[in-house]
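Letters A, B, C and D mark the chains as written, and numbering starts fresh at 1 in each.
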Amino acid sequence: MRRVLKAAILGSTGLVGIEYVRMLANHPYIKVAYLAGKGSVGKPYGEVVRWQTIGQIPKEVANMEIKPTDPKLMDDVDLVFSPLPAGAAGPVEEEFAKHGFKVISDSPDHRFEPDIPLLIPEINPHTITLIDEQRKKRDWKGFIVTTPLCAAQGVLLPLAPIYQNFKVDSVFITTMQAVSGEGYPGVASLDIIDNIKVLGENYDNKLIKEVHRVLSETKRNVNDSGNDVTLSATTHRVATIHGHYEIIYVTFKEDVNVEKVREAMDNFKGEPQNLKLPTAPSKPIILTNEDSRPQVYFDRWAGEIPGMSVVVGRLSQVNRRAIRFASLIHNTVRGAAGGGILATEFLVEKGYMD
Amino acid sequence: MRRVLKAAILGSTGLVGIEYVRMLANHPYIKVAYLAGKGSVGKPYGEVVRWQTIGQIPKEVANMEIKPTDPKLMDDVDLVFSPLPAGAAGPVEEEFAKHGFKVISDSPDHRFEPDIPLLIPEINPHTITLIDEQRKKRDWKGFIVTTPLCAAQGVLLPLAPIYQNFKVDSVFITTMQAVSGEGYPGVASLDIIDNIKVLGENYDNKLIKEVHRVLSETKRNVNDSGNDVTLSATTHRVATIHGHYEIIYVTFKEDVNVEKVREAMDNFKGEPQNLKLPTAPSKPIILTNEDSRPQVYFDRWAGEIPGMSVVVGRLSQVNRRAIRFASLIHNTVRGAAGGGILATEFLVEKGYMD
Amino acid sequence: MRRVLKAAILGSTGLVGIEYVRMLANHPYIKVAYLAGKGSVGKPYGEVVRWQTIGQIPKEVANMEIKPTDPKLMDDVDLVFSPLPAGAAGPVEEEFAKHGFKVISDSPDHRFEPDIPLLIPEINPHTITLIDEQRKKRDWKGFIVTTPLCAAQGVLLPLAPIYQNFKVDSVFITTMQAVSGEGYPGVASLDIIDNIKVLGENYDNKLIKEVHRVLSETKRNVNDSGNDVTLSATTHRVATIHGHYEIIYVTFKEDVNVEKVREAMDNFKGEPQNLKLPTAPSKPIILTNEDSRPQVYFDRWAGEIPGMSVVVGRLSQVNRRAIRFASLIHNTVRGAAGGGILATEFLVEKGYMD
Amino acid sequence: MRRVLKAAILGSTGLVGIEYVRMLANHPYIKVAYLAGKGSVGKPYGEVVRWQTIGQIPKEVANMEIKPTDPKLMDDVDLVFSPLPAGAAGPVEEEFAKHGFKVISDSPDHRFEPDIPLLIPEINPHTITLIDEQRKKRDWKGFIVTTPLCAAQGVLLPLAPIYQNFKVDSVFITTMQAVSGEGYPGVASLDIIDNIKVLGENYDNKLIKEVHRVLSETKRNVNDSGNDVTLSATTHRVATIHGHYEIIYVTFKEDVNVEKVREAMDNFKGEPQNLKLPTAPSKPIILTNEDSRPQVYFDRWAGEIPGMSVVVGRLSQVNRRAIRFASLIHNTVRGAAGGGILATEFLVEKGYMD
C-alpha cells in the first residue's frame, strides 16, 4: 500500500476546489489535509462552500476549518493543488514551490514556461522530466506542474490519437463552453440569457497556444514535423453550467479514412491506463455513434470515473482529406481538478512525489 | 404609385406568420387581406396569437378574424405567403398555385424541384425565370417561389460575395440556432436548459444541400467551376429565442487576403439594393470589427430594416488559404418572413405579380 | 429478510419512470422485473431512455428489454408502479387492479375516489384501510393506491405538522415549479426562456383540492374542525429542471409563535420514520436557517436519501397570527417515484403486499 | 409650448441609463444634454453602451461623448437623472442638489429621509411639497426627489386603488424578479441557470419598508388608519431579463367583493392622467382576464407607452375577506427611468422645474 499523501487545496471553495474535495473524498492515497481560502478563513468549509457539483459535501470535510493560503502554516502537507485564478496564481505557486511544496496547478500563470510541464499524462507524459531541470535552474526544493486550460484539453484528448497517427494539416475549432469555466460569480446572467457570449480573440489565441504546446510535445507515429499544423479556434460561452462542447474540423495532408481515425481514438490509451492509476478512466475517449450525442446535460458525467473521459461523437468523413467530430469535456473535472489528480497520481508512480 | 397587392398569410399565428403580420403592417403596397389558420378559425387574430416578437400586434389586424386555409375563400387575394411546416406545406401550396395564386413559400417541401426557384434576391435573382418554365410544365396559372432554410440563408448571404470572387475550396460550418426555428411548441425546455440540442445528420445535410443549390446558381467572377466545393455543417440549438449564429471556416484553392474578403462582403449588393426595394436593407451584410460581436441578443435586430441584414464579425485570416467569420441572421425575419417579402417585392418589380 | 417483491414500472422511460429505476437499483427487497413502455417496445432500456437524473443507468437495467403495458404478460410481477399521464392512467390502472396487481400510482386519475387512498405515509397512514373497502366494493384482487401531485406534496409535508398542532385559518401558496413536472417534451422552451409560465386556474385548483383531501384525513392535536381552512394557490413554471419551490403564507385563528412552528416541523415524524422504512429519510422536513436557502439547484437532492426530504427555509413570523416559509420538494423523487416507493414499503409493513 | 429642459443622465450606460436615453429620444420637452459615466469617459456613447433594451441607440445620442459625473461641468443642464447604485448615489446626489440641480433619483440612498419625496405621481403626488421643506432645511438651491424600488412600485400601483377604497388587513407578496434589477454584471449566471436566487431578508424588508412609506402617504376613501396593515414579502430572482412579476394576496378587515376591487383598479387614475403628462399611460393598471396572463415575455412592454403600465391579472376572490392577483412591472421603465421621467413631468407641471 502506498504512503498517504496529504494535500492542501488552494481556492478550496471555488468551482474547481469543490471538485478536488469531491474526488479526493474516497481517494486511496491522497487525503485532503488543508483547505485554503480567502474570504472565509476560520469558518467551517461546509458552511460557506457553494457546492455546485454532484453529490453532497463529504462529511469529514464539512467541518474542516478554512485556513489561510500560507505555506508556513502547512507543515503537514505534501502537495498543493492550485486552481487559483490567473494573475493571483503565479507568485503564490512560486512561493509554495520555493518552500518545498509540490504544486499541481490548474492556473494559467505558468503554462508557457519551458521548464514547467503542461501535462496531460496520456499525451505528453515524458515532459515530467522538465521537473528536474526546473528544480535545478530555479533552485527549488518543490516544483510546479501545470495542466492545460479546460477547453484546450477538450481538443487535445481527441486530437492526440489523430495527431499521433495521421498527417494533420489544419484544425478548426468552434467552442460552446459552460459558464462554470469563468468561476463564480464569473459570467453575468445578462450575458447569457437569450444570448451567446463571444469570448474573443484573446481567449481564442490562449486556447490555440496551449493546444500548440502540447501537440509539439506529442510523440508521433508519422513522418511529419507537425510544425506547420494550422490551428484556429472561435470560442463562446452558452447557458450551460458544466461541460465544454466543441466542434472540431480536421484536414489532412493526405487521404484519410474516418474509420481509421475512429479506430485510433477508440484504442487511445496512455500511461495512466497502463499504470491503472486510480483516477484514470479505462477509456480517455468514449466514442458514441448516436446521431444526437454527445449532449452536455446527458454526457458530461460519462465514464466509470465520472467526468474523466472526453465523449466524442458526430465523427464523420467530410471529404477525402477532412473529418469532423464533436468533443465534450467536463471542464471542472477532466479539464481541471480531475486532470490535476491524474497528473499527481502519475507523478507518484514516477517517483516525483516522494 | 404601385397597385396594392392583397396578401393571405397561411399559418398566420405561427412564429413566421407573426413576422409577416408585423412587417406588412406598414408596407407601401402589400396589404394583409386574409389571415389563415388552423386551430383558431373564427376567432379574432389578436385574441389567439402568441406575439413572440417586438412591438405590439397591429391594431388593424388584431380584430381580423382567422379564416380557413382554403383557396376558394380567397377571391380577393393576390398572393399567398406560406410558412407552413414541412409535409403540410407541399400539397397546400400546389393547390393554391393551381388555383392561380402566387405562392411565396418559406417551407421546405418544394425547395429542390428544378423548376421552382429557391430565391435569395441578392444572390440568385435570375432563377425567377424558372417560374415561366414551372407554369408551362405544370399548367398552373399561379406559381410557387421558395426561400431557403433560415440557417442556410445565414451561411449564404456572407458566403455569396466570397464565392463570387474567390476560389473557395471548403466551407466548414458550426451552428448555434435559436429555438424559434422549430416553431411552437417546438424545442422542449428539457432539451435546452443547461444543454445544447444536437440537430443531427439529417439537419446538417438539409442545410448543406440548400447552400449547395443556391451556390450552384450563383454567378461568379472567378474562373472556377465551383462544383467541387466541400460543404460541411454541424448544427445545434442553444437556449436563445431568435437569431441563428454560425461560425464559418472557409478554405481556398489559392492564397487569399482577408482584407479583400472583407471588402467583398462590405461591398456586397444585389438587385434588391439596386432597385431600392422597400424591405431591402442598404447593406445585406453588416460588418462589425468588435471583438465580442455579433451577439445574438444585441445584434439580431440590427440594420435600418430590423432583422433584414446578416451581421458578420470575427472575420480573420486563419492562414494564407483560410479565413474564419461569425454570421448572425434573424431566423424568422431575413431567414423567413422578411426573405419572403423581399422576394415578393423583387417579383413585383420584375412583373411576375401582375 | 423480506421476500423480494418483483415490480413492473409503467412508463418506465419517462421522467418519473427513470427515478423508479434509479431508486430501486439498490433496494433491499423491491426489484425491477418488468419495464413497460409504449414507443420503444422491444428495445434495450439503456438505448432509448433519456436519463435526465443523477448517476448513470444501472447496468442490470440497461440491457433489459422494454415490454408492452399488458397485465397478461406480467406473470412474474407482484406490484406495478404507474406514473402514467392523466387520462391514460385511469383505465390501465383499473385493468391491472382487476387482474390482481397491486398498483401504486403517481397519476391523477384516481386521486379523488373515496375508496382509493391518496397517501403520504407520514401524514395520512390510516387511509390505507380504504384498500379493504376498495377491494370489496370493486371486487378486485389487486388494488390501487395513489400519491398526490408533486406540488401538493411540497405543501403538505411542511404543512402537516402545522395543521396538526395549530388552528390554521388560511394558506396562501405561490409556486415556482420545475419543467420536468410536465414530463417530456412537456413545457416548450419558447414558454420558459426569459419568461414565467403561468399554469392557470385549473392547475391552481387541482393543487388545492389535493391538499384539501389530505388535510381532511390528517389527525390533529387541536380542537378545531379544519373544515373552514382557506386554501389558495397561484402556480407557475420557471426555467428549472427539477425541484418545485413554493412560498407559503399561513394565517391562524389565534396567536402563534413561529418558534413553536419551527419545533413542530423539526420534530415531524411519521410511521415511515418509526418503522425505519428503507426509503424513509430520518427527517421528512429539513429545516434551514440560512437566509438565502433553500435554493433549487443546491437543495433539491438534500437528505441522506437524496430528494426524499422537503427542505424548508425562510420561516418567519409575519405578525402574531401569520407565518411565512419556503418549501422545496424534488418533484420526481419525493413528489412521485420516491413517494410511490415509500408508500409501497409502508404497505409491505402493514401486510398489504403479501 | 414648454421650454426645453436639458437633462444630464448619471450612470448613462447602465441598464436604467439606457432606458432614460431611449425614452427621452422623442420627448417633447426634455432633451438629453449630458451623458455622465465612469469607466468610459471620453468615448462615444454608442461605442461603449450595452443596449439591452428594445429599438436601437438613437442616432443623435450615439455620437455624444461620455463625460465625468461632475456638477461643475454641467453649466448647461437643468435637471439630473440619477440611477446610480446604492452607496454611490448618496453623496453625489447631495452635491448636485447643493450646486442647484434638480435631482430625480432612482437610487435607494435617500428614500427614507422625511423631507425627500418618494414619489409615484399617481399615488402620493402631494408629497412633492416636501421639496420646499427640504430646500429650506438643507439650504439647497436644487433638490432631490426619489422614486421607489422597482419591485415596490410593482406592488404599489395595483395596491393603491385597493388601499384607497378598502380596509386592508394584510398584504402577502411573493416576487419573481428579473436579473436586470441588479444591474450589470449583477446576477451571476451560476445563480440563475436551473435555479431560483433567493434575495433574503434584507431585500424583503427593503421592499416592505418602501411600500409602507408610500401607503402611509396615500389618501384613502375609507375610515381606517391603515397603520396596522401587515406587509410581508418573499423576494427572488428568476431567469428573466426584464419584468418583475409578483403574486399578491390581500386580506381585508371586512368582506370585500373582488368585482369591486377590479372596478377600483380599472378606474384607477391619478394626476399624471388628469394632466395628460406625455409619459403617463392612460391606464396605469392594465387588467387582463386571460387565465395565463400576465406573462413576463409577452406583457412587460404592454400599453401605449410601452412599459409604463403595470399589467394585473389572475385577480380572484380567495374567500370573503381575501383576494389574490398577479402584477407585472417593467422594472427598468415604470420601475425606474420611466418613473423618473413621469415624476419630472409632474414636477414641471407643478412649477418645481422652473
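What we mean here is this: a contact is a pair of C-beta atoms (placed from the backbone, for glycine too) under 8 Å apart; a residue touches a chain by one contact, two chains touch by 3 or more.
These numbers come from a predicted model, not from an experiment.
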| query | Looking at the contacts, which chains touch chain A and chain D alike? | reply | B, C
| task | Pick out whichever of the two, B-C or C-D, is joined by more C-beta pairs in contact. | result | C-D
| field | Chain located farthest away, centre of chain B as origin (C-alpha) | value | C
| note | The distance between the C-alpha centres of chain C and chain D, rounded to whole Å, is 42
| field | Distance from chain C to chain B - Cα centre to Cα centre, in angstrom | value | 47
| Multi-partner residues of chain B (at least 2 other chains) | 52, 193-194, 239-241, 297-298
| note | The answer for chain B against chain C in the complex is residues 15, 52, 179-180, 184-194, 239-241
| query | Any idea which chain A residues touch chain C in the complex? | reply | 50-52, 54, 56, 193-194, 297-298, 301-302, 306
| query | Tell me, which parts of chain A touch chain B in their complex? | reply | 170, 172, 174, 176, 193-202, 230, 232, 234, 236, 238-241, 245, 247, 249, 251, 291-298, 313-314, 316, 318-319, 322, 324, 326
